[in-house]
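What follows is a set of structures for review.
Heads up, the next two complexes both have subunit A, just with different partners, subunit B and then subunit C.
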Partner chain A sequence: MIGVRLYLAQRLSAMIMAPLILVHLVVMIYAIQDGIDAQEILSRTRGSVWWAAMYGLLAAAVSVHAAIGLRSIVHEYLKITALPLNILTWAIGLFLMGMGANAVVAVTL
Partner chain B sequence: MMIRPHRHQPLWFAFVLHRLSGLGLALFLPAHFYVLSLALTDIDALNGLLKWTENPLLKFVEGGLVFLLAVHIFGGLRLLALEFLPWSPRQKTYAAAATATAFFVACGFLMNAV
Partner chain C sequence: MPKNEDCLDVSIWRGDSSGGKLNRYEVPREESQTILDVVYYVQRHLDPQLSYRYACRVGMCGSCAMMVNGKPRWTCRTHVNSVLNGNKVTIEPLRNLPVIKDLACDMTDFFDKWCKAKGFFEPTKTREDEIEPISPESPKRKIAAAAIECINCAVCYAACDVVERNPAYLGPAALNRAWTLVNDERDGGQTARLRAVGGDAGCHNCHSQQGCMTYCPNDLNPTLSIAGLKRATVVAALKGEI
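On to the complex of A and B.
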């Protein structure tokens, strides 16, 4: 139930995410050094085109990746196929992308 | 209960680990995005939640989350290496190194957080 296109999208999104997630982990380890405070973090992330671009790309890639991954699990365990499976995949992907865009806008703009 | 033979294979274990960590991370994602979006809509609620994460139990859970992420990312890199690089016996070493790095990253996070 994963065709060539979805397989490639899954691998491509993984390749995009891998370095960005490592950057994210290092940033988090750095950011929590002296406790975590919303104002302090936002003062550093807001108005930065680079953070917005990096986290925008990460949120988009992770949404695609999670939607395809969940599609496999749902197909294997719940035996959902064809159109309902496609609708579910798109619904999960768009839902995550919407929430992700919201989060990126809130933190960087 | 009889365990099917393939379930004794290390590769089966790698598959299960990758799938479960992926499922856990996917379920965490909406909550993560929601909390971050509070920066725009309700900054006091965001600060309240950030304060809540100072709780030692939450630190422990966060450490677990980072572990899931580290396991999933390095397991995924192993998969990409298997599929896209010419296969070699050295990959067993890479896999072991990947697990060690995942553990190291998670421990580093936990030590910083606690």
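On to the complex of A and C.
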């Protein structure tokens, strides 16, 4: 139940995720060299348009990517098809997007 | 059951679409014996009601594929010595296809999917036109040639876990055939074909597990063909053609 558009969306979201996750990991490892301090990290991320844009984009890409991946698994193992499968795919994507948006707002606003 | 060391302990699945079970037979060992020879012996000498399918016996027609010790194989070219487990061999109907009776499967879905994948040539010329020369050295012809020797045996279809999980999936054989036509410069049905193989049951459902390539008796690589279709459909989608 994966057509060319969903395939393309999953590949494009992976292409967005890959560099952003690298930036996330590198910055995280660099930032905790002197120990983890939530206040110090939040002081850098809060009010930053760039961090909000980066993590907002990452959360959106993860939501698209994971929803399509889970769609395949759900279809093959639970035999859900057609409209119920589409509804489930959207529900997973929107749920992940909501969780991601909540986290992004929490660390950047 | 068999006590004679010169005999094979053969288990053959007997039944129909409502179910069945393995029956055991004692079959004399022969030199250069194939699995099809074993099935033939059982039907001729031990169990005349055994149903199975074969035609050419030389690996060309693609009729005689069965599961042998759990793996899909063309039985006419599979030597007993290469698959024996001790002196035991288990022969069952092909996986992922409905059984008609015993070892004979219903191939309707398999061939219908060739049509759904537009796995047939769409001519662009009439018999009045000159034959279009295609160089054997042209890159597209070389790609088509690498995938063209499919004998429709359904071994790849039986080996595919995606077909098992997603019965609508077109499967490696139909998609491999479509790929040869995508690379046929004389063909005029490309947009419809790419739309068909890029649909919900098409090439993008392949997980590249490569069971088709592992078991193809003609050493074809349908996974590679499917990867080519994925690229071709993505390009066509980005251009707005499908």
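Going forward, the second predicted complex is superposed on the first by the 109 of 109 C-alpha atoms of A that agree within 3 Å, B and C clash if a C-alpha of one lies under 4 Å from a C-alpha of the other, contacts with A are read in each partner's own complex, and residues count from 1 in each chain.
One rule holds in what follows: a contact is a pair of C-beta atoms (placed from the backbone, for glycine too) under 8 Å apart; a residue touches a chain by one contact, two chains touch by 3 or more.
The model shown is predicted, which means the values in this text are computed figures rather than measured ones.
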Which holds for A:80: it touches subunit B only (first), subunit C only (second), both, or neither? neither
For A:88, is the partner it touches subunit B (first), subunit C (second), both, or none of the two (neither)? neither
Quick check on the superposed pair: does A:22 touch subunit B, subunit C, both, or neither? Answer first, second, both or neither. first
What is the contact status of A:106 with respect to subunit B (first) and subunit C (second): first, second, both, or neither? first
Spot which of subunit B and subunit C makes contact with more residues of subunit A, would you? B
By the touch definition at the top of the document, which applies to A:66: first (subunit B), second (subunit C), both, or neither? first
Once the shared chain is lined up, is A:52 touching subunit B (first), subunit C (second), both, or neither of them? neither
Touch test for A:3: subunit B only (first), subunit C only (second), both, or neither? second
Of the residues on subunit A, which ones does subunit B touch that subunit C also touches? 11
Give the list of subunit A residues in touch with subunit C in this complex. 1-8, 11, 72, 75-77
Subunit A contact footprint on subunit B (complex, rising order): 19, 22-23, 25-26, 29-30, 32-34, 36-41, 43, 46-47, 50, 53-54, 66, 69-70, 73, 76-77, 80, 83-84, 105, 108-109, 112-113
Which residues, counting only subunit C, touch subunit A once they are in their complex? 162, 165-166, 168, 198-202, 204-205, 230, 233-234, 236-238, 242
Under the stated contact criterion, what part of subunit A meets subunit B in this complex? 11, 14-15, 17-18, 21-22, 25, 28-29, 32-33, 35-39, 42, 59, 62, 66, 69-70, 73, 95-96, 99-100, 102-107
